[in-house]
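Chains: A, B, C and D, in written order; residue numbering restarts at 1 for each.
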Amino acid sequence: MNTFGRELRITTFGESHGRAIGVVIDGVPAGLPLTEEDIRKELDRRMFCHIHWLNPRCEPEEFEILSGVKDGHTQGTPIAIVIWNKKAISSYYDELWMKPRPGHADLAYYLKYGKFYDHRGGGRASGRTTAAIVAAGAVAKKLLALVGAEVAGHIVELGGVEVKRPYTFEDVKKSWEKPLPVVDDDALAAMLEVLRKNAAEGDSVGGGVEIWAVGVPQGLGEPHFGKIRADLAHAAFSVPAVVALDWGAGRQLAKMRGSEANDPIVVKGGKPGLETNKIGGVLGGITIGEPLYFRVWLKPTPSVRKPQRTVDLAKMEPATLQFKGRYDVSVVPKALVALEAMTAITLADHLLRAGVIRRDRPLKDPVV
Amino acid sequence: MNTFGRELRITTFGESHGRAIGVVIDGVPAGLPLTEEDIRKELDRRMFCHIHWLNPRCEPEEFEILSGVKDGHTQGTPIAIVIWNKKAISSYYDELWMKPRPGHADLAYYLKYGKFYDHRGGGRASGRTTAAIVAAGAVAKKLLALVGAEVAGHIVELGGVEVKRPYTFEDVKKSWEKPLPVVDDDALAAMLEVLRKNAAEGDSVGGGVEIWAVGVPQGLGEPHFGKIRADLAHAAFSVPAVVALDWGAGRQLAKMRGSEANDPIVVKGGKPGLETNKIGGVLGGITIGEPLYFRVWLKPTPSVRKPQRTVDLAKMEPATLQFKGRYDVSVVPKALVALEAMTAITLADHLLRAGVIRRDRPLKDPVV
Amino acid sequence: MNTFGRELRITTFGESHGRAIGVVIDGVPAGLPLTEEDIRKELDRRMFCHIHWLNPRCEPEEFEILSGVKDGHTQGTPIAIVIWNKKAISSYYDELWMKPRPGHADLAYYLKYGKFYDHRGGGRASGRTTAAIVAAGAVAKKLLALVGAEVAGHIVELGGVEVKRPYTFEDVKKSWEKPLPVVDDDALAAMLEVLRKNAAEGDSVGGGVEIWAVGVPQGLGEPHFGKIRADLAHAAFSVPAVVALDWGAGRQLAKMRGSEANDPIVVKGGKPGLETNKIGGVLGGITIGEPLYFRVWLKPTPSVRKPQRTVDLAKMEPATLQFKGRYDVSVVPKALVALEAMTAITLADHLLRAGVIRRDRPLKDPVV
Amino acid sequence: MNTFGRELRITTFGESHGRAIGVVIDGVPAGLPLTEEDIRKELDRRMFCHIHWLNPRCEPEEFEILSGVKDGHTQGTPIAIVIWNKKAISSYYDELWMKPRPGHADLAYYLKYGKFYDHRGGGRASGRTTAAIVAAGAVAKKLLALVGAEVAGHIVELGGVEVKRPYTFEDVKKSWEKPLPVVDDDALAAMLEVLRKNAAEGDSVGGGVEIWAVGVPQGLGEPHFGKIRADLAHAAFSVPAVVALDWGAGRQLAKMRGSEANDPIVVKGGKPGLETNKIGGVLGGITIGEPLYFRVWLKPTPSVRKPQRTVDLAKMEPATLQFKGRYDVSVVPKALVALEAMTAITLADHLLRAGVIRRDRPLKDPVV
């Protein structure tokens, strides 16, 4: 449905051109410092307003925390966040009614929800709804910080341009100072060029991102159906446009022999660890204290300005569609921030499931 | 934990060298024809006993249905299936105690469960435990058959050998008449050669499989967190050794432009459908009546006979490990059957979630 | 946590004196007629504004539907409803800070949430939060109406005054035309007298209500942990101040012999049914097509104006507390509406779980 | 369905006259001492074999732990327990086929499962299936012991005979040395007399039990839908034949005024606590460190030897039924043990949900 997680549970709602979108975040213990600024920071990261030609009318989100926070701390009760929709120009979408856009959710919604769904701006299927996920991710990241864990991602492929040079987690985090989070400046320049070209031609591009989670404690996850890998795959494929995922070295591992693929176990600082980390920090579904990383691949934005073949559902006959509304040349940058958020939410959920963070008492209580 | 699904729910248990493994299947309506033969057929498919050199001591599973079935039909109550473990030679594993095998779950289990876990034969992390999933999959496949849906998979890559020629879903199903389910005879021959070579050298290989689900009705899945893609990704990554997944055309979609990636919508038999199906039958997380397909990539079996570097956890110093027990040269064939099962379970769960199959009354009741 | 239900799922949020309370209702199929008026009607029923001396400053709730509804129908997506909190006078509560009110949740919240919780107006534990449940109940009642089922309750005891004369379900529904829903006019007069007396003396009273669900189809519920009785008990005890529940004839059944307690099975209109219905319409946890009914007992409002003994948590020494804010002389009337709502939500959830209402397609779609 | 709990999860299966009944217990951390003897002790308590005339052919259960336990400790993996059904004489039940027993689940099962369910011995609805719950309760009690909490219950009413004298929790525990756990010897004698009389007359009686949970830490439970009271109500009503529940002083509270009902808050050993405990240890759904207690009322066994009116479902005409099989004169003693188990399971689940017991590492690991 629209709820994700077991002990940290987020419930999202809202359509793109409706009154608002939002999220209820449940399971956060009392006493976590949390301000509107924490939420705003992540919502702003998602917007990439600084690339003006990419988002010509970019504006910061307007949101409110309706519950669960008092005096800069969580109360232990559900945190409801509403992100108000701006006055949108929906007339672009009038032509699309009953003419499902190829590659978009329109056809599926028509079959499942009939004439009742709000198709304007993509409605419930709009990438815009990931803003609610990103707001929840801001809270999850603060929970992770309690145990010294952090999540960050970057773009590794865009419009066919791939990042090829080696990098560290520090490089990943620093890449956010650039126009797009790309560790390799040459690749970044080429990517921006591809984006400009596609914007000019009314087309779109896909790409790939890599998410890292560092400092995640050992012992999270379970052998069969609570595997960290499986829960994060679920999380990642919940983000619109995701079409593939490689865990750790991913598909390359499938081409290796066992003697190559296995990461030797070594003593590190008096504790057992991996010499290499091709497996991405998880063995048998359980974290071992090594960094987690995985790559996620996204298809191009389905909305393009080129004419496309579709069906007029009222007449049930072929039709041509030309989209005239706003669209993102690539969903990759925004999806990256949503994927960071989903990763943080999933891992914070596991911290609570495993009891690493307790909830029978406040996180800190100077009164007691 | 060890339960998967919402309305069709499977709960698995058991360690590789313990008394038994098994599964409880909950949510099946009364009146579904089900016999031991249905279960046995799937358990046999998983074993590939016919490739003698691959499974030198291959024997069919011994199992019992303990509840939920009477006179060849389901009762509507939980179906418990126990698969008895055979007298296993665990002495191979004595040396491994406190010497975690690289690439295996040992190290993670040691960190999470301490000295309490049963490491013999891989314990709870053993690929053997997927037999319980396969038994549950047999039931799920019968539920899918009620609406005319079927699931089948095949091997598309093994030890670096790839299937390259085109094929149909009929080819996929017919490939099960061959020693391994590979649609391309040349590729099959090369794969068998690679397997033999690695068996001789005490090494292992990974590969990839493709799962198809055909006849799945429209309207299953939900826009945000009950996406069919996300639930199937969760399902697939629950199978041991899975490291990557491509939905539909997968990573290739990420390299296309929107105008190429979108599948045109056309009229098919008086209804809207896709001209091509690069997206794998799901739009916005919801089925549209087109076939679903995805590829899953598996790493090589971590157990190999070559010496490997590990740590002696008792002394916390480097150690060398040489595994002498039985192992599968590749997990790919067995995992394929488990992936078919997980796919069938996930989709049957969605049939129940959406109410396509009702549960307030028996499937058929000549009495009424 | 703050989510209830499996296929119809409500998630509530909000503190009494915070910005707003609200609810997200998930799982409703597309095409259910739903207007603000439907919600308002139930919110108004909960307020009993017509008894002026009971609610001196009674005002209708201000609420908004933020998502999931378009043109008077549900979209199939989550329905978020926000009920704005009015400018509340919180100064009454300043004295209560660190002086937990006996009988209220204050002490428990202090222990679990420390200084971080919002104690004003009872915060998250306030009876006010049941308005969100009542809003969700309005939607659930409309789902029940699809299959001809309806839920209604009445007061059977208040301040020690009991309803003793026999009545029908029609009487129960008609009792809502009176100041309080009580089928017996003499009892009603006595109850109003008791309420007035306690209001004057600054004390409060408890009581009991009975909930009926008529027209519920057969075959809902499951034998072990999805029992209708157990799910409704869970639902009922989720409403604040509930301290006891009698299912059907309840505790009286415990005093009978088997030969008296069993309801004879008879042919009714060509189908098997019960001659009497002491068991309250459920056998073995499953509905049989007979009316469901149960009684729920509520303790008196803990907030009273009489001085009470408590502890000053800052000094950890005895203290006396005198509450000066507004309080309800009895929670029974409002809780009754909340219990109707929880009953409707639980039963509508079971209609979806069992597939009686489908969700792979809209409820009605003239387009198709 | 047949799964109960969130972080401690039990899944039961089995029909009374099928091959076996059983339970899978999931979520127990590694390192909990657990032997067959722990399970057997609780299964034996449920049987009351020492009252020979009550259970003429009483025999201890035969069971096996199939997984999750090694060398006297839990492994952290699911614990599957199978309780084998004995060779039962099912011929008693032949006459009952298509003639539903009044008061039993037969009619409901016929409507929901049609001719497919196993009616022999009550099938899935048999009280016998609570043995699986009791086995799981044995494990939950050991988890509670980790934090110093314990659960025990006693009979407070049977066949109309009530316990009236005051007692302590020690009295409750000591009452288990008697033939039936009744704190008052006079009441016990009268109850045994009533049981004998009803056994002789082929009738049955109901009654009431009280469950105590002492030593439960503060801060468990949540304000809205994870209320301890609501979860325990759900737990209690999951036991067959339960028809009413009083939490704490229960219905008596509903007759008091607020000034009487509220328990004064006092300083106890330097901490805040309750002077009296009419509310049963829970405020606002959350534990406060005081003992929990509640009473549960059970209807008489529906199976009696007296002739009863029913319907022949094949002919759809009135019929008379005379049951000739074995039956329990009262379900109260066995249900008491099941209710203790459900209470322990629910509270242990909350210990895990709140993170009081962690699961990222073993409970104790001398190796580390």
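Everything that follows uses one rule, which is that a contact is a pair of C-beta atoms (placed from the backbone, for glycine too) under 8 Å apart; a residue touches a chain by one contact, two chains touch by 3 or more.
Model, not experiment: these values are computed from the prediction.
Simply put, of B-D and B-C, more C-beta pairs touch at B-D.
Chain centre most remote from that of subunit A: D (centre = mean of CA atoms). Taking each chain's centre as the average of its CA atoms, subunit C and subunit D sit 27 Å apart.
The geometric centre of subunit B is 45 Å away from that of subunit C, both derived from CA atoms. Rounded to a whole number, the gap between the C-alpha centres of subunit B and subunit D is 38 angstrom. For subunit A, residues that reach two or more other chains under the stated contact definition are 1-3, 12, 77, 111-112, 124, 218-219, 223, 313, 360-361. By the touch criterion given at the top, residues 1-3, 9, 11-15, 18-22, 24, 26-27, 30-31, 64-68, 70-71, 73-80, 82, 98, 111-118, 123-124, 313-314, 360-362, 364-368 of subunit A touch subunit C in their complex. Within the complex formed with subunit C, the subunit D residues making contact are 1-4, 12, 100, 102-112, 124-125, 129, 157, 159-160, 198, 203-208, 218-219, 221-227, 229-231, 233-238, 240, 242-251, 253-259, 261-267, 270-272, 275, 279, 282-289, 297-304, 306, 308-311, 313, 316-318.
Here subunit C touches subunit B in the complex through residues 6-7, 77, 217-220, 223, 352-361, going by the rule given at the top.
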